[in-house]
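In what follows, chain A forms one complex with chain B and a second complex with chain C.
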Partner chain A sequence: MSEDTLFLIYELIDVIISGLTNGSVYALMAVGLTLVYGVTKAFNFAYGSFFNLGGYLAWLMIPVVGAVGGYVSIFIAVIPIMFIVGYGLEKSLVAPLRKRPEWEMKVMMMTLGLALFMDNLYAVVFGGRVKSLPPILEGTLDVGDLVFSYQDIMIFFLSIGGILLFGWILNNTRIGMAVQAVAQNPEGAKIVGIPEKRIFAATFAISTAMVGFGGILLSQKYFISPMSGGAIMVKSWVITAFGGMGSIRGGLYAAFIIGMLEAFVGYTLGMSYSMIALFILLLTTLALRPQGLMGRA
Partner chain B sequence: MSWQRMAAIMGVVYGIVAILPLFVGDIRFIMQILIICLIWAVVASCWDVIMGFAGIFSFGQVAFFVIGAYTSGIFAVSWQVPAVLAILMAGLFTAGMGVLVGLPCLKLAGPYVALVTFGVHMTLMPLLRGDIGIALGSGGSVGILTIPPITLFGYAFSSANIIPTFYLTLALAVTCSVVILVVINSYWGTAFLALKDSEEFAVSLGISAFKYKLMVFALTSFLTGVVGAYYGHYIGMLSTRMLELDLFVTLMVMLVVGGIGKFPGAILGAFITVTVNELLAPLGSYRAVTMGALVVILVLLLPNGVMGFWLRRSKAGATST
Partner chain C sequence: MLTVTDLNAYYGQAQVLKQVSITADAGQVVVILGPNGHGKSTLLKSICGLVERVVGAVIYQGENILGQPTDRIVNQGLIYIAENRELFPHMTVLENLKLGAYAKSARAHEKRNLEMVFDLFPRLADRRNQLSSTMSGGEARMLAVARGLMSNAELLCVDEPSLGLQPSLRFEIFSIIQKINKQGKTVLLVEQNIPQITELADRIYVIEEGRISFEGSKEEALSNEHLKEIFLGM
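And now, the complex of A and B:
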């Protein structure tokens, strides 16, 4: 093989790794979004702002726990905070809207206002300049001529671990089974005595915890900037719709497909085209299969 | 609400606005705010028609506004098309885009429609800033800076002679509002409402969902496009900053304040919101935070907007007498 082809192959491998790492975090976020829509039918426009909330909370923690080695303590501290914030917000803001006519539209409007509030609050509190998190693990893994950064590997495995843990919770714990029951048949769930309202709040809280976790993971590779929430939200939303709303497996496949697509479009055409490519993919999918890849018709 | 009542409220609001220049005509700043109010009043009303009356979760209204503004700007700057003709062409082009966006939305459920239309919004920024936009004449990240003002019979309606421009804007806003008023009180408007309340039942009665949903997309995007194009010629320059989230949310505040599906409400909402927004200006960077918090609070506490408040009071009065 000539030098040039070898170089090209290495670059392609880089692109694939970037697609896999981003895809894994997207999968985490899409699963959270699809869960909350599938169970509560409430659409959360502030999802991307919760992503940044996770990033900022982690950034605040760094001086306290002493940088690099402290990621475990960051996870232990930030994820419960995200859960509590999500639970409180659902109880105080989303739940009162549920009884109103056309509440789905009102929830969308309310959460969009919440997104504007949170994004600009970050800009005021943390300033417009981007913040960065240290890598979770420094150094690289060399396999022959190939170089993998430990950071990418950790992000990939932690996201996958998060999804697996989530799947385990959903299938094996009482609360997980109650969530599934409410998603499948809200009336039936009520009859057997499942506290529906509490499940709604818990589901919302789990999804904010997941997206916060994603925020901590992905903010190490990129930066935390106050206004980036909108793009993150649209991305997770496109993934959810592409995979089929309410279908967790569909969301998983969709996240990796879109992570790869984004990496390749970014590599060949430039990053600014990735949003256009995403949108074209979404339109084609919805035209051919309105319910998404794996959604129920 | 009866159409007479809608017309009466519209007449009072626009009547008050029409005589305001007698008192504040000398203050340029206030006149400019009034013109902006009138422009947003039309855009918010269009959004109300598609969302409140037809029940389609369209989040693409700002996108259509920007499409209209840019189309007209490009026609006027790159091809030297006269402003009035450029505005009309922009309206037709935006209506075409509206139908194009509406087509995939026909079979989709609410959140998907919101996603597709909001996707148009999100895609527009990279498109206008990137190579494709520059090739079309969007001016990239700088925008279009030298859009000629509207000229009618040799008279230029620019911000230099603000009072005639104000009355031209008023005429445009009244025309658009009357069109909306007529449409929602016609057979079409009833069809929109029927499709919103129960699509299956409406279709079984022979109302074509295909036809009326596309019609609502075409109508609202045409009006929004025309107003957007007008805005471009009035301001004289355009940039992609209009696509940021604050303008979108501000429009949404107008709708929430006015009451969704309570037609002349959106007009009132536009006036109240623009005024409050200007009053909040001393807050500086806290303004957007306050606007966001306002949306949350208003959605929770004011379910039907000021119009709902008004209607409930008049209803209570009717039962007590």
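And now, the complex of A and C:
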């Protein structure tokens, strides 16, 4: 094999790894968003801002716990905080709207407002300058001439671990089954005595914790800035719509497809084209298959 | 066991129940008859906390439970078994049954109740791993009743269990309800116009246009010309 082809192969492997790494975090986030939509039928447009909240909270903790090895304490501290924030926000802001006519639209507007509020609050508190998190693990794994960074490996496996844990909770715990029951038949869930309101809040909280976790993971590779949540929100929604609203499996597939697409478009045409490619994919899907990849028509 | 006094229920502007009062003693089968859309289901749903706007009193075991959320009502031993079944379609029979025991008061009895339910409905035991959405109408109805039993409730509010079933299955479900009653459960049963159920009834109420238009024993119901003609199909 000539030097050039070998070089190309290495480059391609790099692109695939980047696609897998981003895809895994997207999957984590898409699953959280799909869950909220599937169970509570509420659109959460502040999702990207919660992603940044995870990143900022982790950034605040870096000096306290020290970077390397300190991530364990960051996860232990930040994820419960995200959960509590999510639970509190659902109870205080989303639940009161639910009683009103056309509440879906009101929740959409409210979360959009919340996103603006949070993004501007970040600008005031943290300033406009970008922040970044140190890699969770330094160094590289060398396999022959191939070089994998431990950071990518960790991000990939932690995301997958998060998704598996989430799936396990959903299928093997009483609360997980209750969440599914509410998604499948809210009236039936109420009849058997599942406290619907608490399940709504818990679902919102779980998804907030998941996107916060995603925020900690991805903010090691990309910068956090007050407004960067916007792109994350758009991406999460594109993945959710592409995968099929409310379908967790669809969201998983869509996340990896979009992670890969982004990586390849970024490599061949440049990063600035990736959003365009995303929307072309979404529009084509919606034109040909309006319910998304795995959505129920 | 249950005393409902002057119940008024509303859906939006429409008043569905008007000054409805009924009682059920422990161990009884109380049957509520009436034409479609006259408020029978609403009465059961109001008792179980499933209707938004209800005024009046629902005294269960000496406590007014009106206005309490459904999960608390279920926890106290009342369960609504829906006419349209309200199962969880993408879950198996077993998962549906286990969710029937979600209430705190039911958890400790889950295993025993599961055995009891499989005993009553052997077909559900055979199909425990089948998705509930793939079951026939009759089996789904059985599952709805079985799921209700899993709540360990003392008072079952059963809404038109025979709806859409062929006569042989109707007979089966009524005999199962009778069995459940013999085991000590109190049953509040809503039906449209099925003669067989008068057999089961300790007391019969008729609801017409949201009001109680008849109240009495099954003998009294059977000797009432108006009822015989209209609701008992005789």
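Here is the rule we use: the second predicted complex is superposed on the first by the 297 of 297 C-alpha atoms of A that agree within 3 Å, B and C clash if a C-alpha of one lies under 4 Å from a C-alpha of the other, contacts with A are read in each partner's own complex, and residues count from 1 in each chain.
We take it that contacts are C-beta pairs under 8 Å (C-beta built on N, C-alpha and C of every residue); 3 or more make two chains touch, one makes a residue touch a chain.
Fair warning: this is a prediction, and the values are worked out from it, not measured in the lab.
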| item | value |
| --- | --- |
| Superposition on chain A - do chain B and chain C clash or fit | fit |
| Touch count on chain A, higher of chain B and chain C | B |
| Which of chain B and chain C A:Val147 touches, first, second, both or neither | neither |
| Touching partner for A:Glu104 - first (chain B), second (chain C), both, neither | first |
| Partner chain(s) touched by A:Phe279 [first = chain B, second = chain C, both, neither] | first |
| Touching partner for A:Leu12 - first (chain B), second (chain C), both, neither | neither |
| Angular separation of chain B and chain C about chain A, which is computed from CA centres of the superposed model and rounded to the nearest 10 ° | 90 |
| Which superposed partner A:Gln184 touches (first chain B, second chain C, both, neither) | second |
| Contacts of A:Ile194 with chain B and chain C, given as first, second, both or neither | second |
| Touched partner set for A:Val130, first chain B, second chain C, both or neither | neither |
| After superposition on chain A, the shortest CA separation from chain B to chain C (Å) | 16 |
| On chain A, positions contacted by chain B and by chain C | none |
| Chain B-touching residues of chain A, taken from the complex the two chains share | 37, 43, 93, 96-97, 100, 102, 104-106, 108-110, 112-121, 123-124, 227, 230-231, 234, 237-238, 241, 245, 270, 272-273, 275-276, 278-279, 282-283, 286-287, 290 |
| Residues of chain A touching chain C in the complex | 174, 177-178, 180-181, 184-185, 187-197 |
| Contact set on chain B toward chain A in their complex | 51, 55, 57, 104, 107-108, 110-112, 114-116, 118-120, 122-123, 126-127, 129-130, 244-246, 248-249, 252-253, 255-256, 260, 285-286, 288-289, 291-296, 299-300, 303 |
| Chain C - residues contacting chain A, complex | 48, 50, 69-71, 73-75, 79-80, 82, 86-91, 95, 98-100, 102-103, 106, 147, 151 |
